[in-house]
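Please go over the structures that come below.
After this come two complexes, each holding subunit A, first together with subunit B and then together with subunit C.
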Partner chain A sequence: MSLPRYAAQRLLLGLGQVAGIATIVFVLTEVLPGDAAVVIAGDQPDPARIAAIRAQLDLDQPAVQRYLHWLGDLLHGDLGVSLVSQQPITERLAASAGATLLLAVLTLSLLVPLAVTVGMLAARREGGLLDRTLSTVAVALYAVPEFALAVLLIAVFGVQLGWLPPTAFGTDLISRPAVLVLPLLVLLARPICTISRLTRAGMLEALNSEYVRHAARLGIGGPRLWLGHALPNALAPVVQQLARTTDWLLGGVIVVEAVFVIPGLGTALVDAVATRDVPTIQALCVLIAVITVTVNLGADLIAFRLAPRTGAAR
Partner chain B sequence: MNRPARTVLGALLLTVPLLLAVLGPVFAGSPNVRGAPFTTDGLLGTDFVGRDVVHQVLLGGRSIVLVAVTATLLAYLVGVPVGMLASTSRRRWLDELLMRPLDLVLAVPSLLLFILLAATAPPGPATLIGVVALIAAPEIARITRAAALPLAHGPAMEAMRLHRETWSRRAIGYVGYGIRRVLLADAGVRFIGAVYLVATASFLGIGVAPDAADWAVMVDRNRTGLFLQPWSVVVPAVLIIALAVGFNLVTDRMLTRKPVSTAPPAPARPQSASTGAVAQVANVSATAGDRAVLTGVNLEVAAGQLLAIVGRSGSGKSTLGRTLLGETTPGITWSGDISVAGHIVSEGTPAPPGTVGYVPQQPSAALNPVRRIGAVLKELTRRHSAGSDRRARRQAVTEVLTRVSLPSDRAFLRRFPHQLSGGQQQRLVIAHALLCRAVLLIADEPTTGQDAITRNDVADELGRLAHDGIAVVLLSHDLELVRSIADDVLVLQDGNTIEHGPATEVLATPRHQHTQALTTTPPAPARTAATGGPPLLRIAGLSAAHRDNDRTRTVLHHLDLTVPAGQSLAVVGRSGSGKTTLARCIAGLHTAHGGTVTLDDQPLHPRLDRRHRHQLAAVQYVFQDARASFNPYRPVLDQILRAAQRLTDASPDAARRAALDLIERVGLTEGIASHRPDRLSGGELHRAALARALITGPRLLICDEITAGLDGITQHRVLDLLDDLRRGLDVAVIVISHDRDVVTRAADHIVVLDDGHIVEQGPAADLLNRPRHSQTRALLHTEPASAAPHP
Partner chain C sequence: MLDSITTPLSRRGLLGGAAAFSAVLLTGCGAESKPATTTAGQPRRGGRLRAAFAGGGVNETLDPHLANLFNEASRAKALFDKLADYGPDVSIQPRLAESWEPNADLTRWTIRLRQATFHDGKPVRAADVLYSYTRITDPAKAFRAKASLDMIDLRNSRAVDDRTVELALKRPFADFPNVLAAFGAYIVPEGATAFEKPIGSGPFTFGSWQPGRSLLLKRYDGYWDGAAYLDELEYLISNEESARVNALLAGQVDYAHDITPTTARTYERDNRITVTRMPNSTMQSFAMKVDRPPFDNRDLREAMFLLTDRQQLVDTVLAGSGQVGNDLFGKGYQHYAGDIAQRTRDLDRAKSLIDKAGARGLRITLDTAPVASGFVEAASVFTEQAGQAGLVIETRLGNKDTYWKDILTSGVLASYRSGAMPIETHISQRLLTGSTTNATRWARPDFDALYNKAISSNDDQARKQAYGDMQRQLHAEGGFLIWGFADFLVAARPQVGGISADAPANTLDWARFDKVWLG
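Let's look at the complex of A and B:
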């Protein structure tokens, strides 16, 4: 299959995924058993509030009609109005997106070079001291929940030693970069483990392969053999994992924003869930779904180019 | 840190939180009176509402561990059956129906899905368990499906279907047993994932009561007092980390690779005096453990000379090739003197880059799958003709490609290796060597698995290289090829040189018994009259198609043919001509979409599962890959017996007697057959496969390339056996092959397939002696010698 054909097929699948997720989100949040307005009102079953919720969400209309209406608005970029603040959700998201985007971009741009370098260094001497140390750290760190690590780091570096600010509360992220150090450390901890281990495994496999030996026999050696012949083969699984990492990052960002009090999309989501602000939850879920699907699409296309044979498989 | 130390550390880390989680609530006792928040009363102070932190720590582990364990179990309970059903079903729509929605769920970040689900359900442990299980189940289903898929559609499963094996033995006994390791190895990862999700969600306040005694909730709630009373946060956080890290260190199976000890560098030796030979091997011996692989081998190849090294598989050919390259093979050490192009070669110090080219048996292995072929060619030219300009380099690439009969246009250069045919890949590897001005080329089994026409091309190519002054070492058991192009022949048996000399002498008058066995083709058996009796099998208008990438490709076009009872039909054709599909249609393994197959004037249903038991018994199939066609987890004898039990009415005793009788007849013993397949050699499994097919008393036996990849001696033995059995048991045989020797030995009739059409058919003698169609001539007649322009 050629790349354009694959890309078109994959794009269609991605659109289908977004539509599917939007449907799941709608069903889970609005097509609740019983009276949705009462459920949403939750702890404050005030009749006036229930009536207001019912009016705002058009709960008197049949679910299918509401769904189509909601979908139509989504297509026009209209995300609706928050139940809590009565402000357009688009504005709230635009205000929060900056902090989250900054965290995600910084994490990814540090992650890729760091993790790939570490993986290649470990593969340089298989079973060497560096390799074993890195493997142990990677295995250990891999499963640590972000919040536990974050709290520990804050306790040590923020409170006991006082080297770094413990939270980002009330500070501007860009003018005071020191507040970003701990959040970035936390966000990097898990993905660096998986990506460096994948790079290491891929490099070792490629270096032991017949085609790298063939190239070495024909006089291609040194960095050229590593970077030009072995690394491209090692990268295909790395790119796929990177897409999965972005999923993780979204989860990690929610936690990290909560711990370090950073006003981003994660905080917005946690707040919305806590206050049962259904339109905001829906909008955030669809936004995150679009981002995830887009990232996976990009990763699949790169992986297709990197491993043309396997890319055709689903 | 090495692995045992890591496991011990992990176990230590894991003990504390696990003990606390299990025994903590027992020792916790009743809650103390509440004090002021965040004081230092008690061992660890008080928490945000003034409760004793020690008491909370003792209580807070159980929920995380319990929820994670239950959720993981529940996820397996749901995920494994779904994955098994999707993979074992032969209905595509069912697979799609089950797996597509799961893909969708997998596309959503798990924490997001968690928040969504948990936000709509009442908080509590049941919700947590349900949500975590729901998130883990799709991944488990996917892993199960991926692990089960090759088992559920492989030859062993097809063999079981041919014997109408019960569902429980197929799905649980074979597939389920086969994937157990994958699932167990994965369970640790799933549990850690569940711990992660439960802890994170609890921390975010999702799915739990706000004042629950839970380590994660403690971390969240006591955060505000971090400056006043850090223990109330740090202790539960450390416990959660210890649980995760400890568990991962203990269950870590990802590091399966053990460190390889690197051999000490060989001492430098003086350069040898240059002689006329390009490669010289003196007194080379190699051992694997305590077994000798090569013993005192000597040889010499001059420029323009073609030396063939001949021997059965396992005779040491490949090891000799590797030592010539100066490369190490894991587990093999060698000694002796080798020089290539005037340079001393020893273990780990190969000849200077570019002097030796190596064409492996699978040429695709030597080609980088992700690099366009033009880019690699360009890179090689840059390295080996320094100082030349771009145009000269492009010229060099074009010249080399033309020399090996490959196109050199832009579109071709932009291709990836997998877009080339096997023959093209082989020539491309040779082109690489030529670009580097190699003086010695080593070709490892270049014709294995190729049809006669491709074999001629390879012979041409190698002959031409030698003609151009390159020394060629050919490792092969293909005597046709050797006879046609080799100057010298060296015969290896168990690592010993048993003959070495000019090809004409060695092959024409072999002195050693083993060489005779290798070279002589046994006389063709006397043929029965080809006219034969009434047709046993009649195929009319058979059409079949393959589906790949949603496109349907017709591979058989309205075939008509018959097989008389007790006679043999050879179906020959190039690879891709449809001969295997034809065989599979007859056996019911591939569903034909048109035409009829009748056995004794009774129609056979296109689908194997709809055929009668006696019809299954009457048509048996022997797979190309004997090893893959056996269930690796059960003794071979058992599997032979099962075929009899499922398809015949014989009593268990009678079936056992018949099985033992057949096993003896194919040259095995009960002792050998009582082992699992991994203890049997390839040749033994071929025999066992024949026994398993014959025990049902078939009237028609279909043999799909059953001699491909076997060396000359084993091949003759299998063919002899087949011949004996056919005559003794009065079975009609369909032989699928592209090997001229096999066809000459085993066929009464021949059908020639090309691109899904029958281009010629008739009695074997006619087609072998007076072929009319060009394909027949090419497949059955061309002696490679006549085609090779050899000096």
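Let's look at the complex of A and C:
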């Protein structure tokens, strides 16, 4: 199959997935227990007040009508108006998306070179001392959940030693990069383990494959054999995993955002759920669905390009 | 969280469960009420105070009439004023109103406004008051203060002159100043509809705002109550209590609002942090529905009062940061019946009352939900106490989103709490036949009559008498088992001076920054 044809096929599938998710999101938020008006009324559940809130939010309109209206707006890129702020959601979410995007880009730009290098180092001598050391560290680090690592790093480096700011409270992330050090360490910890392990495995497989041996027999050796011939094939599964990591990062890693006070998309989603701000929940779900579909589409295309014959394209 | 007029949405930190859990385990010696030690010295002018609060996220609003969460309430009072507000004993203090005077039958109130100006230099006028109250009571909207202000007949109210407003009431009401101080009843300039860059008459002017992150305010030198000490006040947002405390320890913020008793105890002797306790902030109770079995039986209600070990609840659930209650709302507030003897545990009498009611071994369902800190813990401690008297309490964990509405009508026994408000407001919202949030289903014509006597009398002595009689009745056989009052806890760097230690949550001096300085 040619790349353009493959791309078109995947794009159509992606569009269908987004449309399906949008519908599911709407239906699910409809059937959540307790309607939004009751939640907003909180501990002042005066029936007249609940009725007024319901009318104000158009919750007294039929669900089908609201669904069609919402879908129409969505097609125009209009994510709607927040129940809480009564302001357009798109504007308010831009800053959250910015923080999340910054963290994701920084994490990925450190992750890829670091993890691939570590994986290749480990693959140099299978079962050697370096390989075993790196494997042990990777497995141990992978076993530590993000929040535990975050709390530990904050307690030691932020509060006890005072070397790094424990939170990003009120600081501009770009102008004070020191606040990003601890969050980045936490975000990198587990992905580095998975990506480096996958790189190692892929490299070992590629190095043992017939075509690399053949290339070696032809006299191609050293870095050229490793980087030019073995690595592209080894990276195909790595790209798939990277897509998952990217997806995870772009969805906003709520634990990291919460403890380090970086208000990104994860925080926005938690806040929206807590205040039962249904339009914002819906908008975020659709946004995150679009991100997931796009990232996976990109990953599939890259994997296809890297190794068209290895079946990664499915 | 704030409660009731005064309780905004419950927002617990992501990792907060562990702290609450350890608070229960750390059964303790009770907090010593030592005064907060600061190094702030004498008040001085200048500096920027960075205050960390929990908040509503990117969709938060600066509309003071929509204020609901702690930080929204605090920002509203920094930017705006009400005509009156709650003092430390929840009595009414004049603010933008300089004085008020009712007519003979208490149906028309003439309010004289102070000479105050909005941040744009325009004076605060009677028209602004009428506009603000009209906006709040808009039938198409659901502003929080609407229920309180609804008693004003705005069509028959008028501006006498720029600084005099005459408000007509739909019925006589001696405690009308309570309405002027209602949560969210802020005065905004006439015609104001957008609050992205709010203009108020409060001690701070708007600087810049990043929703969900920070709000920077600047001192308003023309403030009628004296200019603030601080040059600038910055509100920062994190719903994670540990993050607020960590930032405070590392000097990233100067003030952390709403910390847990566990945190307070952990850093009791840490010289990086000063904890301020604001007593009598949150009423902690169980609501018994008196209109249905089993609590339609007065003996059983009294048995419940007597089997409760209040000190144990305060020590465990509140980790000692609070005081025992006497089944009456508003400990230490104006009109509180402090002359009624404190009830203590009497298991023998409780058991004999339970026998008299034929309720030995009775299974009672207690509704609770993690809507407020300590609810579930209190339910479990109470279950054990009731077991010792021969009652079997079964806890039912409800849906926290709809909890407050669910317990209004269904069930027989429920966890309940409330923030500070005048005792009159508590009664009118929760204890009259026509109250819309009557969780104990207390409906007594003789009690309603006492209330009406209290609010329609000009005679202070007669009103005091009526409030006392109502409370005696509630103490003897009411539906609220009020076991304690939680302190509200804030932490600050020792250099911060002027944080009031005697302002219950929701009163004027709580979360107020114009009298705070950086030493």
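In this text, the second predicted complex is superposed on the first by the 283 of 314 C-alpha atoms of A that agree within 3 Å, B and C clash if a C-alpha of one lies under 4 Å from a C-alpha of the other, contacts with A are read in each partner's own complex, and residues count from 1 in each chain.
The criterion applied here is as follows: contacts are C-beta pairs under 8 Å (C-beta built on N, C-alpha and C of every residue); 3 or more make two chains touch, one makes a residue touch a chain.
In this text, all values refer to a predicted model and were calculated from it rather than measured experimentally.
Novice: Go through the superposed model and pick first if A:185 touches only subunit B, second if only subunit C, both, or neither.
Specialist: Neither subunit B nor subunit C is touched by A:185.
Novice: Tell me which partner A:162 touches in the superposition: subunit B (first), subunit C (second), both or neither.
Specialist: second
Novice: Looking at A:56 after the superposition, I want to know if it touches subunit B, subunit C, both of them or none. Which is it: first, second, both, neither?
Specialist: second
Novice: Would you check which partner chain A:29 touches, where first means subunit B only, second means subunit C only, and both and neither mean what they say?
Specialist: first
Novice: Of subunit B and subunit C, which one contacts the greater number of residues in subunit A?
Specialist: The partner with more contacted residues on subunit A is B.
Novice: Kindly classify A:110 by the partners it touches after superposition: subunit B alone (first), subunit C alone (second), both, or neither?
Specialist: Touch status of A:110: no partner.
Novice: Which holds for A:82: it touches subunit B only (first), subunit C only (second), both, or neither?
Specialist: So A:82 only meets subunit C here.
Novice: So, A:143: does it touch subunit B (first), subunit C (second), both, or neither?
Specialist: After superposition on chain A, A:143 lies in contact with subunit B alone.
Novice: Tell me the contact category for A:255 with respect to subunit B and subunit C: first, second, both or neither.
Specialist: A:255 contacts both subunit B and subunit C.
Novice: Kindly classify A:126 by the partners it touches after superposition: subunit B alone (first), subunit C alone (second), both, or neither?
Specialist: first
Novice: Quick check on my understanding: which residues of subunit A belong to both its subunit B contact set and its subunit C contact set?
Specialist: The answer is residues 39, 147, 151, 154, 159, 166, 254-255, 258-259, 270, 274, 276 of subunit A.
Novice: Can you name the residues of subunit A that touch subunit B in the complex?
Specialist: Contact set of subunit A toward subunit B: 1, 17, 20-21, 24-25, 28-29, 32, 39, 126-127, 132-133, 135-136, 139-149, 151-152, 154-155, 159-160, 166, 197, 204, 209-221, 224, 228-229, 232-233, 236, 247-248, 250-251, 254-255, 258-259, 269-270, 273-274, 276, 281, 285, 288-289, 292-293, 296, 305-309, 312.
Novice: Per the contact definition, I'd like the list of subunit A residues that touch subunit C in the complex.
Specialist: Residue list for subunit A touching subunit C: 33-34, 38-50, 52-53, 55-56, 82-87, 89, 92-93, 95-96, 147, 151, 154, 158-159, 162, 165-167, 169-171, 254-255, 258-261, 263, 267-268, 270-272, 274-277, 280.
Novice: Please name which positions on subunit C make contact with subunit A in the complex.
Specialist: Those residues of subunit C that touch subunit A are 3-5, 7-11, 13-15, 50, 52, 56-61, 68, 139-142, 144, 146-147, 210-214, 234, 236-240, 242-243, 246-247, 249-250, 252-253, 371, 399, 401-402, 404-405, 408, 436-437.
Novice: Which bits of subunit B are touching subunit A when the two form their complex?
Specialist: Those in contact with subunit A are residues 1-2, 6, 101, 103-104, 107-112, 115-117, 119-120, 192-193, 195-196, 199-200, 203-206, 216, 219-220, 223, 226-227, 230, 233-234, 237-238, 240-241, 244-245, 247-249, 252, 254-255, 257-260, 325, 327, 350, 353-354, 356-358, 360, 362, 365-371, 376, 379-380, 383-384, 416, 418, 429, 432-433, 435-436, 549.
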